[in-house]
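This report concerns only the one structure given below.
By letter and in written order, the chains are A, B and C; residue numbering begins at 1 in each of them.
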Amino acid sequence: MMHAAAVPPRLRVGLWLETLGAWTLAIAWVAPLLYAIWAAIHPTGYAARFDLLAPLTLDNFTAAWNAAPFPRYMLNSLLLVTFVTGSQFVLGTLAAFVFARSTSRWTGLLFALVLVQLMIMPDMLIIENYRTMRALGLVDTVVGIGLPYVASAFGIFLLRQTFKQVPRELEEAARVEGCSTFGILWRVYVPLARPTYLAYGLTSVAYHWNNFLWPLVITNTVETRPLTVGLAVFASTDQGVDWAIISAATLLTSAPLLLAFLLFQRQFVQSFMRAGIR
Amino acid sequence: MRGRATLHAWLMLGPAMVLLVAFTHYPVVATFWHSLFSTPRGARPARFVGLENYDVLAADPIFWQALTNNLIYALGTVPLSIALALVMALWVNGRIAGKAALRVAYFTPTVLPMIAVANLWLFFYTPDYGLVDRLTQLLLGWGATNWLGSRETALGAMMVVAVWKEAGFFMIFYLAALQAIPPVLYEAAAVEGASRWEVFRRVTLPLLGPTTLFIAVNALINGFRLVDHIIVMTRGGPDNATALLLTYIYEVGFRFWDTSQASALTMVLLLLLMLIALAQFTFLGRRTHYR
Amino acid sequence: MLVTRRAALGALATSPVLAAPALRAQTPVQITFNYPVAVGGPITKVIDGYCADFGKANPGIRVRPVYTGTYQDSITKALTAARGGDAPQMACLLSTDMYTLIDEGVVVAWDELPGADKGWMDSFYPGFMENSRTGGKTWGVPFQRSTIVMYYNKDAFREAGLNPKTPPATWAEQVSFAQKLTKRQGDSVSQWGIQIPGSGFAYWMFQALATQNDVRLMNEAGDRTSFADPKAVEAAQYWLDLSTKHKVHPPGIVEWGTTPRDFFERKVAMMWTTTGNLTNVKNNAPFPFGVAMLPAGRRRGSPTGGGNLYVFKSASPAQREAAVKFARFLTEPERAAQWGIDTGYVAVSPAAFETPKMKEYVAGFPAAAVARDQLPHAVAELSTHENQRVTKALEDALQSVLTGRVQPAAALTKAQEDAERILRSYR
């Protein structure tokens, strides 16, 4: 907005202080990650001692990798996230389209019902949802972990907001060209909502990749446990915490998401902006 | 033609609505229903007990403590994480050197699984040789503090972790909103010779209103939902100092297997959330940007 | 005609009987065995090995191990599965889950199983059997068992002018040793004398103190507790005094999970923790360490801990027979000795400690025998009906004492009242 040359000296001090503040906060914010890296690449004896000359090692990674079936957990997490986010997209798109275009009083009422879930999330209904899953025979399945989240009020709400901004004229034009309802949705609405999908998709992926309490409750075996639950089971031992191995496991398991964010962070913020999530 | 469009509309709404009802609306009703029965155990089937489960709750000091803790937790983390998120967004949107790096730094907690970081925070809070104690020793000359092991500090320590986890995520929303503010407005303010503070107060802040509301609602829900780190780090201890409603629900439901009691607890939590929703609707409803 | 007919009928009648053994040889009896260990850990390899060896020795039986994570996960999994009609046939679960499993009606007593004779069931240390029996029946067979011992830093002992060969033997000595071992500069302490962790397993630690003060915290039927007994209050006071009066123990609650690390970092010179930590300490302590029996108050004492083997009602007669065979196989003295050496858990029978292998191991690593020597003083781990709830009442009381909020007598009286209310319906 303003050029540095035009800034008076008082403000320059202010800027300097702000920079200091911003960086201090940033260091505090990445401290756990930095610590995890430190602990993971040094022998376990150095987990609590910061000695620059400490010997480096990759043993913690191999130990963590061998100590628990992380590839399996990662596959489960991947399946879960794909299932949840994919279904959220499909169901959310269909529902949002109706909510965005219908003027009926009934859909207004239904939309109010949808919004209830913004407040009362499945995380709080673990007792009853567990009962339902048992009745459906879905305890200890990946579908069981994901199903309560598949219809997402947040997703429907966001997509409805985006769809509402699509000009009616575009839809009319497509209809004149002979597009069916689904054709219009697929050719007109979905492409225009791309930033919303990206922003919401990343949020959803981060949420389900990191979700813990419900997966903890609903899974019992290696075949279904996502990474978070696997990590928790792995870290809780009678024999005390071994930070070196836990750090290595943390890095191994968060690496995919961290990398994805580093690569896409610019697009991520921009899509948030364009999606009108503000 | 008209009928067919309606049919289409129902078919498109159907799947989402069925699942929503099955996993949000039905469980709310079922939770209430089950909270009126006793927990079946072995040979003893469930029987109708009316409001007995609620009476038990009212007489349960741990419940009251969890409720108080939860209110403190929510009221503490919500303003703090919002304020921090705003400051962060202003910084990474401003003139500070290394904005891109800062943005990544602030956002990392969102990407790391809470369950994993909780163990790292456990180290930070370890008395004496933990990172927090080393810093306070170095900067303030304090002695060892048992952050997680004393009633006075444990809840505060949990709140810090929650704020750390959330602020960066909310920052993204603010950042998107800031970048959407037309530069013309700032230029106009500059022409009028407004100070930076005035610009912030008169231009930026009002335009961020809807975003703040959106974030506030999310933060408030998280205030009742974000408990992973507590389950790993303190399990609600010491002496229930960090017990929250959801951790207590988990404990009663899945450790004591007293599902009826847990249902009554869940109802209290839902009631609280409904009150919040109602307050938001009546006091702030007009200012939201939901159309 | 008649004769041939009868012969034919006879052949028909006998054919299933004849076919049965043949069938059994073709499709072996399979039992699912749930084991409480995080998947992939070193112990899984040991258990996998046992199952394979057993299968070789008993071609008619196949044991399929399923690793179910922590004890907490394992009981949850077992109960959920049992309710859904999909229970394992056998599982290793906490000895303290006995009443829960009985109340849920999912396990069978070993006495009712074919092949589990009294001689075998009496071959274990009586200290372990206390947690396996109630109402005159044996519900669990000890397997993955532990107890509490004291680990101490021999270097720190030398520095403080103490003999590293003589750990404290009484409560008074424990305090005076800890005073010598506490290093203080002004307000800050660089090394504490002693740590007794108060999170995670506070009730277990407290039970050791209570036992040493000669009070039993619960009865054999698991429906009465005596948390408010004056001797129990005294025990809690002793624990509190370590930090408040003698100032040799860090104030507040000491984390269970970080205690071994505190010990390795020389932040504490003596710690109480499970024998299950033996291997961990052996591998990670950067100084010579000693392992000792817990010091005596009015007497010596420690609760046992760890897991027992249970057989589930869902097992068919053939599976029950197989389960007993497998349990006997696992607890054979030779194998129990090797198990103890490999894992650090306490071998469950005196016979195991008489095997040459074990004798040789103990001679080279005397620390391994400390837990055994303490067993005659050991009592059953705190376990009642609705165990988790009763334990939590006690745990909350202890934490309120250690954090200085409530006096021991008041806190334990409250815990006792809670326990009374919970247990009333089980009498």
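The working rule: contacts are C-beta pairs under 8 Å (C-beta built on N, C-alpha and C of every residue); 3 or more make two chains touch, one makes a residue touch a chain.
Small disclaimer: the values here were computed from a predicted structure and weren't measured.
Among the other chains, C has the CA centre that is most remote from the centre of chain B. Ranked by the number of C-beta pairs in contact, the top chain pair here is A-B. Annotation: 38 Å between the Cα-based centres of chain B and chain C.
If you average the CA atoms of chain A and of chain B, the two centres end up 15 Å from each other.
Counting partner chains per residue, chain B shows two or more touched chains at residues 122-123, 126, 129, 254.
Across the assembly, chain C contributes residues 76, 257-258, 261, 265 that each touch 2 or more other chains. Within chain A, residues 47-49, 236, 241, 243 each touch two or more of the remaining chains. Within the complex formed with chain B, the residues of chain C that make contact are 72, 76, 79, 103-105, 187-189, 198-200, 250-255, 257-258, 261-262, 265, 267, 386, 388-389, 392, 395-396, 399-400, 402-403, 405.
Per the touch definition, chain C reaches chain A in the complex via residues 38-41, 66-70, 73, 76-77, 80-81, 83-84, 146, 256-261, 264-265, 273-274, 276-277, 279-280, 284, 286. For chain B in complex with chain A, the residues that touch the partner chain are 5, 8-9, 12-13, 15-28, 30-31, 34, 84, 87-88, 91-92, 94-98, 100-117, 119-124, 126, 129-131, 164, 167-168, 172-177, 179-180, 183, 186, 190, 196, 210-211, 214, 217, 221, 224-225, 227-228, 231-232, 246, 249-250, 253-254, 259, 262-263, 266, 269-270, 273-274, 276-277, 290-291.
Across the complex, chain A meets chain C through its residues 44-45, 47-49, 66-69, 134, 139, 220-222, 233-234, 236-241, 243.
Looking at the complex, you find that chain B touches chain C at residues 41-43, 62, 122-123, 126-129, 143-144, 146, 148-151, 234-235, 237-241, 251, 254-258.
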